[in-house]
Structure formats: C-alpha cells, structure tokens
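Shared between the two complexes below is chain A, which pairs with chain B and chain C, respectively.
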Partner chain A sequence: MLQLILGQLLNGIIVGSLYGIIALGVTLTFGLTGIVNFALGAFMMLGAYGTWYLYDVAHLPYPLAVVGAVLGVSAVGYVSDMLLFRFTRGNLVNGLLVSIGLISVFEALVLSAFTTTPKDLTYVLPGAFQVAGMFLPKIKLVVCAVFLVIIFGTYLALTRTWLGRAAFAYAQNPEAATLMGIRTERLQTIVVVYSTALAGLGGGLYASMYSIEPTIGTAYILKAVEAAILAGVGSVIGALGGGIILGVSENIGSVFFPSAFRDAYGLVFLIGILLVRPSGLFGDRL
Partner chain B sequence: MLDLANLNVSYGKQKVLRDVTLSLQAREVVALIGSNAAGKSTALRTTAGLKKAESGTISFAGKDISALSTVDRVQSGLVLVPEGRQIFPRLSVEENLLMGAYHRADRNHLDGDLERIFAMFVRLKERRNQRAGSMSGGEQQMLAIGRGLMSRPKVMLLDEPTLGLAPIIIEELGSIVRGLAREGLAILLAEQNAMMALGCADRAYILQSGGIVMSGDAKQLSDTPEVKQMYLGT
Partner chain C sequence: MKIWKKACAIAVVAGAAAFAGQAASAQETVKIGQIEALTGATATYGWMSAQGTKVAVEEINAKGGFKVGDKTYKLQLLQVDTRGEPREATVQFRKMMEENVHFVFGPFLTNVFNAIEPIANQNNGKFLLFAGATSAHHALGKPDHDYLMRAWNWDAGPSGFGKLMVDYLKKLNTKKVAMLFQNDAFGKTAVDIYAALFKDAGIELQVELFEPGTKDFSASLAKLASGKPDFLFPGYSDAVLYDIVRQSTESGFGNRFFLVRGSIGPALKNKDSIVDYIAYVPKYFEDAEKKEPKTKAFVESYKAIMKRDFPYDQAPLCSSACYDHVYMLVEAMQKAGTVSDVAKIRATLMDMTYDGMWKIKYDKTGETVFGFDVVHVRKGGAIEVVQFDPTK
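Right after this comes the complex of A and B.
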C-alpha cells in the first residue's frame, strides 16, 4: 500500500510539473495581456506532434526534435500574436473567443494531416531505476527535471534580468511601466510567445511518455488554468506548486476513491483552498 | 525648456483643457494650481504623452514632441511622477528605483545614481530591500520621486505629490523640490495644496475648469486677494 501511494505521489509530481509549465504560461500571459490563453493546450499539442514528426518521421535525435518543435511552436505563437492576440489586449472576452477559435483550427489542421490514430514515439530513453521496490522510469525523471529547471530559470529571469523585472513591473502597474520607458507592446509579444514556447516544450516532453492525439491539449489546459488559480495568478513558483498539488491530489485521490472521478479530486482541493485563501495559495508572491 | 502652447484636450465630449499655454525654464519650479478636476493631471498626462491632445503643441528643449510616444519622451528627459505614486508594490525599494533607469543605455552601472538617491532619501536606504508596497504613503512618494530621478530627467512633472501626506512630510517634500531645482532640474508641480506649491515655486499658473485664469510670480500671486480667498483660505 505504501509503495502504491509513493508511486502515485511520484506520478502526481511528474504530471503536476507538466500542468505547472503550462500554468506558468497561463499566468504570465494573463499578467501581461489580461487574457486567459486557452489555446496554450493546443500549442502543447502542436509541440507534441512537432516532436513526434521530427523524431519518428524525420529521424532527428530526440533533444534536437524537441528544440525544433519548440522553435516551430514559438513561430506559430508569434504569428498568432501578430495576427490575432495583439488585438485582444486587456479584453478577456475577445481573448477567450480568439483562443478557443485557435484550438479548433489547430486541432483540425493536425487531424487532417495526421488522422486521429494516436502516435507513439519509439522509445526515447528506455529503462528505469529501482528504488525501494519501486520502478522509476528514467524518462519521467528527466522530464520532471527539465520542467523544474525551466520553471526556476523563468523565476530567476523574472527577478534578475531587466526584461523579466520589466514584465513583472508591467503586470503590477502597466501605466507606471510605460512611464519608466518600457516598450510595453514588445514586452507583451515576448511574453505571449514565450508562453507558447513553454507549452510547446511541455508537449514535446509529454510525447516521450504518453501517446498523442489531436485532442490531448484540452485536458491539460483546463488543469493548467486550475493550477494557476490554485496558486494565485501571477505567481511563477506558485504555478509549479499549484500544478504539483493538483497532480498529486488527483493521483493519490484515485488510490482511495474511484479513479473515474480523478479530475474531480483536484477541483475539490481547489475549492477548499479558495475558501480559505481567496487569492490563491501563494497569494501575491512571485 | 518645456512649452505648452494652446493645448486643448477632451475626454469624450467633455472638454478638460482649453487653450492652455505655459512655459517652464531650466532650474525653475513652476506650480500648476487648481482645485479637484480643474485639469491639472490631464495637463501633466498630456505632456507626458499618456493622453492625446486635440490641438496645440508641446515642445521640449526646442523640439516639438507632440507626436512622440511616452517612452520616447521619457528617453529624451521628460519624466512624470504620477498622481498616487504608482510605485510597483511587489518590487523592493531598490528594484523600483532601478526600473526608473530601465531605458538608460548605462543601466548596468547605477551604483552612483542609487547612492545619490539614498543620500537624498535616507529612509529609502534603510528600506532598500523591503517591498515597496509595505511602506507608508510619504515613503512611497519619496520612492516615486527617486524612481523618476533615476531616469536622469531634465524636466520632472510632479502630479499632486502631497496627496494624503502629513503636514511634516509635506514640508519635507517642499524642500526636496527646491533642492532638486537648485541642482538643475526643472519641475512642473501640479498641486491642490496651494500653500505648499506657492511656497516652493518660482512662478505659478492657476487653472480653473480647464483654463489658465492667472499666472505670475509665486510670491506676488500668493498676495493677490482672489488667490488668498480661493486657494489659501486666509
């Protein structure tokens, strides 16, 4: 029993860090543009398919395939920002409409190119460590480590670099940021594109562990938004924390309760936390 | 240094500024005095480029800057310290100050600038690692001014700095403004607190429902009966 729980705990952390990296994009985009980009799930799916294509079809080495996919997704993100998101700044409803529209477009495109048949990457990194009677697949550990490094790296960039501090300052007071001489439009584009790149990376690494279909993004974006709210919107470390709490509560929950309702356990947790702390777990901390 | 000529500004159908003309020389403190909603903030915000004028020109250091963006105006040395301070509450005091120098080419060598600000505002030095949002109103106002100075401006637009501050802090603010002008900064000070503004300004303009109704030497203005009655309450 203990082993089962520990195993689920680890699974929860891994899935949670994936929620977290998308939640980070949700939080950053919301902080700088005032919209919730629900299309980030679809960007994640694009990253997954891009990686699959470059690795399994074009036979690039896996890390290179992920980098290629992330660059491709960022390019798509940039074009969508220039053509669409740029016109929805600060307008939650329009942003929602555009992002939901984009989901359909991306899913339809991928569907027509690659059909609904799930794709599986041939083994990227086989093998597992055996610790205290549990099997820890190497690939999952690597994926989790990459997510952690990226999230902490983003935190450092936001607190230590000029661009990052400008982004953080803008999220607190857009007008004052303009008065500091910060070119806010460029800053917004950078953050929107960076968020799509994060989602793309999430998808690229997801593809190494699970099989992919055009609709995988849907569940993840919902979880990511949940994680961002749970953490308190605007918090970077919180996005990771929120993601992990969500992932763990789902996985542990399904040990004791029917696993068909796993999505609900996280929600119950979310409601519980919001009742106690309306501004989220990490409140107004970065 | 700074000239506004026949500036007209509206919010929708509401005309907020009518033919406002004023000038500011180097090393000069000029007060823009008026009651609530007289248009002081609008005048400053339009000068800083946050609000578009319907007609009229704004020239700064001999150049027409009416078409420039706010960022370009900041870069050329015109900085607005906005009403209500507008500091970044979740950044530390020091980080707030650094943001003021964001657009400067030499922004990675700011130790000298920081020391200068800290010498001027000792309490900011004591609190340099504290979150700005946790400070008192007076300290936040000093921070907002310090942050403005970090951009090395030639002209500072100060919007209602005394708002909500204790009398003793207001007095301190007055001497800081004078001190900055002595060091070569030109300051346009929008104030409802006419006592403070006339006390530290060289010249003043009086703004009433969007138009300038009186202007002149600050001392002389504070002796005119209308000003005494309407703005000084004596």
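Right after this comes the complex of A and C.
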C-alpha cells in the first residue's frame, strides 16, 4: 500500500507540473491584461500537434520539433493578440468570449486537418527507472524537470530583469507604470505571446507522454485555472505549487476513492483552501 | 403583339419545364440523414461512420444513382454534428424529422440515442433509424420503436461477439479480469453486459471507472494491478487505449489486454512490451484487402473520395455500420419497389441477407448480425486472426 501511495505521490507531482506550466500562463496573462485566456488550452493543443507533425511526419529530432512547435504557437499567439486580444484588454467578459471563440476555431481547424483519430508520438524516451519496486517512466521525469526549470527561470526573469520588474510594476499600478515610461502595449503583447509559448511548450512535452486529439486542451485549461486560483492568481511559484497540489490530490484521491470522480478530489481541496484563504495559498506573494 | 405572344409562350414553356424539373428532382432524390458527433471528445465513432456513409453515397451517385421501378434516384446526404451533446442532438434530430427524412444513420453514442429516443418515438412509422448505440439494443422490439434498426453487432446473446470473445478468453485459462472503462452511459452499460458474461464463464471481475477526458491512468492502473488480474480489459476507443497500454506496460501494471472496442494499433505500437492483446475487430483490413476484392475496392474508393490515407485502425467503424448498410438499404428499396414506404422497406431489410464487405442480416428484433474477426497479437507483433460468422 505504501508503495502504491508513494508511486502516486510522485506521479501527482509530475502531472501537477504540467498543470503548473499552463497555470503560469494563465496567471501572467491575467495579471498583465486582466483577462483569463481560456484559449491557452487550445494553444497547448496546437503545440502538441505541431510537435507531432514536425517529429513524426517531418522527421525532425524531437527537441527541434518542440522548439519549432513553440515558435509556431508563439507566432499564432502574436497574431491572435494583434487581431483580437489587443481589443479586450482589461475587459474580462470580452476577453473570455474571444478566448472561448478561439478554442472552437483552433479545434475545428485541427479536426479538419488531422481528424479525431488520436495521434500517438513515436516514443521519445521509452522505459522506466525502477526505484524501490516502483516504476518511474523516464520521459515523465525529464518532462517534469524541464517544467521546473522553465517555471523557476520565469520566476528569476521576473524578479531579476528590467522587463520582469516592469511587468510587476504594471500589474500593481498600471497608471504609475505608464508614467514611469513603461511601454505597456508592448509589455502586454510580450506577456500574451510568452504565455502562449508556455502553453505550446506544455503541449509539445505532453505529446511525448500521452496521445493527442483536438480536444485535449479543454481539460488542461480548466485544471490550470483551478491551479492558478488555488495558488492565488498572480503568484508565479504558486502556479507550480497549485498544479502540484492538484495533481497529487487527484492521484492520491483516486487510490482511496473511485477514479471516476478524480477531478472532484482536486476541486474539494480547492474549496477547502479558499474557505480558509480566499486569495489562494500564495495570494499576494510572488 | 407577335413579340408579346412569343414571350408569353417562352415564359409558359420555361415555367412548365422548371416545374417539371423541380417535381422530377424532388422525386428522384432520397434523403439520408446522419446524426453523429463529428467534433468533440467523443467524435471518433461518429466521425468515422460519417465517412463510411459519405463514401457509399458518393459511389452510388457517381454511378448515376439507383433504379426503383422505372425511376432512377440519387441520394442526398444530410450530416449533422451533435458534438456528442444530447441537447444539440435533439435540436438537430427534430429538424431532420421536420424535413421528412425517411432514413437516418446514427447515433453511435448511447447518451445521444437516449436523448433523441422520445422524439423518434413520436415519429414512429415515418422513418427508419440505423443506430449503432449500445443502449439502442434495449429499445429494440418495444412498442413505438418500429423505426429502430441497430446497425452493430450485440455483445451478449448466443451469437453476440462479447459472448464469443469471453469464450475465447476462457480457453486461455483466465481466472480474473480487470475492467477499466470510462464513467459514462456506455461504460456503465458495458460493465452490466460483461459482468454477466464473465460470471457465466466463471471468471472473476474487478471494475474501475475513470473520468471522461482522463489521459493519465496511473492511479487506476496501480489500483487494479494490486488485485493481480490475468487480463486488463480497457475501453473503449483508441483515444484512451494508446495511453492505457503504454502506461500499463511501461509502469509494470500489466501486459495482457482484452478488448471489445478499439483497434490493434496500441498493441502494434507496444509490441515488445505486451504479452497478449486480444481484440474484437469487425474486420482485419490489413489482411482482408489482400484477399477480398470488395474490401480492396472500398479501400481504394475511400482514398479517392476522402483524399487521405486509409485509416486501417479505425476502418471498421466507418465501413461496417454505415458503408455496407447504405448499400443494403438501397437494395432493400429496390426489392420493396418503394423509396418512401418505410414499413415495407423495413420488412424487406428483415428478410434479406446483404452480401457486401460483410454478410449482413437482421435478427428478429431488428439487430444486425455480421461476421467479425478476433485478432490476437502476441509479444513481438505476431498476429493470429480467428474469424467468426454468426450469420451462418
């Protein structure tokens, strides 16, 4: 039993880091533009399909395929921002409507191009490490490590660079930041594009672990929003923490209770946290 | 005056011709509706079966249509997307009934069938519904359900593929099976069907349901593995099978699989990690296209019409329940001598055996019976195909 729980604890951390990387995009976009970009799940799906295409169809090496997919998704993110999101800044409802509309568009395009038949990437790193009787799939460990590096890297960039500090200044007081000479439009565009790039990276790495289909993004954006709320919207490290808490509670919950209600275990945890700390676990902190 | 008379004559002739043309085209077209999830998380079955119908319709129309009596008819295909959502399905289906569509293919999804069933009952006698949904089985033969034909093999019963599959498993000295299915209307129905079949066969059953949309099955698999089953019975489409087979073999949870829906694609991908992978496949196309001219022609036609590679792993979904059934329906209309008397066409369908890619007939309740293959993939990718033909 102990082995079963330990195994699921580790798996929860790995799965949670994926929620965390999308949650980071959610929290950054909300902080800087005032909208919850639900289309980040669809950007993640685009990243997954882009990676699959470049790796399995165009036969590029996997790391190059991921980089290509991330660049492609970032470009789509930039165009979406210029044509759509730019006009919804600070308007939660309009932003929400645009992002939901984009989900339908992206899903329909991928569906007509690649059908609903799931795509399963040629295994990048097959096999598992056996530790104390537990099997830890190699690819999951590598993906988790990459996510941790990206999240901590983002944290350092936000706290140690001029652009990062400018972003924080804008999130705290937009008028004052503008008066101090921060080019807010450009800053917002950078954050939107960076968030879509994170989602694209999440999708690219997701495709190495799980099969992909046009609707994969929907479940993950909901988990990411949950993770962001659980952590407290605005907290970078909190996004990772929220994702991991969610992943662990789902996995451990499924061991003791029916897996059929797996999503509910994370939600119960979320409600419990919000009752005690309405601004989330790490709310108002970096 | 002369010019005016000439203009009138032309107008009258043109009007009469247009009217005659309109009347002729209205008579010469038979509408076939299809109500399936073409997009969304549960679209695999609907998307593929919609393609099977399209290929059949385009083939028939390209040949100039079909003759019933001394008239030639073409088919008009009306496909609607339910997205797997019952509410959307009821709106689309009601519209189809208002447009007097006499023949409707689908739905494959149990939740969608349950939603449209009351509307279908209200229109009993006006149309025929060729449904693939598992829940349609229980509605066959009920009052107000003369419209219903089930276009898919049933799992249970003496000629059911599920019963024959469980018998196959029993021969491998199986003592315990773990079922891992999605927590939805079909998953629960499947558990009910197979719990009884395994009980009759003296095989112990362990059940775990998972949340729709799940991609990481580690927790469920770990839980099931602790019960030490001989076979894992996962369901029910490739959207989850690839993940389940990979995660189960990679993490040491199990390497013997038994399934009644889905393809052998996951087995071939993990051929060095599995030990046994036993699957119900309406037809093993990779083999059949080399031996059967009709199957070969279908594969070529699919590629030409759909302009894409042939999806071998999903092919049975688009062909058996729809492609052959469109041809069977056309043959029934020709034999019955009508395209609109649905009672007469139904009676003809119930009496006939269609000889297409499959030999297809209906049992006395209106459920399709056709042959199928059991594909047994072993470690390393060796494939053994056992054919069953309950129509004999």
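Note that in this section the second predicted complex is superposed on the first by the 286 of 286 C-alpha atoms of A that agree within 3 Å, B and C clash if a C-alpha of one lies under 4 Å from a C-alpha of the other, contacts with A are read in each partner's own complex, and residues count from 1 in each chain.
Criterion: contacts are C-beta pairs under 8 Å (C-beta built on N, C-alpha and C of every residue); 3 or more make two chains touch, one makes a residue touch a chain.
Predicted model, so just to flag it, every value in this text is computed and none were measured.
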> Of chain B and chain C, which one contacts the greater number of residues in chain A?
Replying inline: C
> Does the superposition put A:T161 against chain B (first), chain C (second), both, or neither?
Replying inline: neither
> In the superposed arrangement, does A:S279 touch chain B (first), chain C (second), both or neither?
Replying inline: neither
> Counting only touches as set out at the top, which of chain B and chain C does A:T116 meet: first, second, both, neither?
Replying inline: second
>> Quick check on my understanding: which residues of chain A belong to both its chain B contact set and its chain C contact set?
In response: none
> For chain C, which residues count as touching chain A in their complex?
Replying inline: 39-41, 43-44, 47-48, 183, 208-211, 213-216, 218-220, 222-223, 226, 238-239, 242-243, 246-247, 250-252, 265-266, 269, 308, 311, 313-314
> Within the complex, which stretch of chain B touches chain A?
Replying inline: 48, 50, 70-71, 74-75, 79-80, 82, 86-91, 95, 98-100, 102-103, 107, 147, 151
>> Going by the contact rule set out above, which residues of chain A touch chain B in the complex?
In response: 162, 165-166, 168-169, 172-173, 175-183, 284, 286
> Where on chain A does chain C make contact in their complex?
Replying inline: 4, 7-8, 11, 15, 107-108, 111, 115-118, 120, 123, 126-128, 130, 135, 137, 210-211, 213-216, 218-219, 250-252, 254-255, 258-263
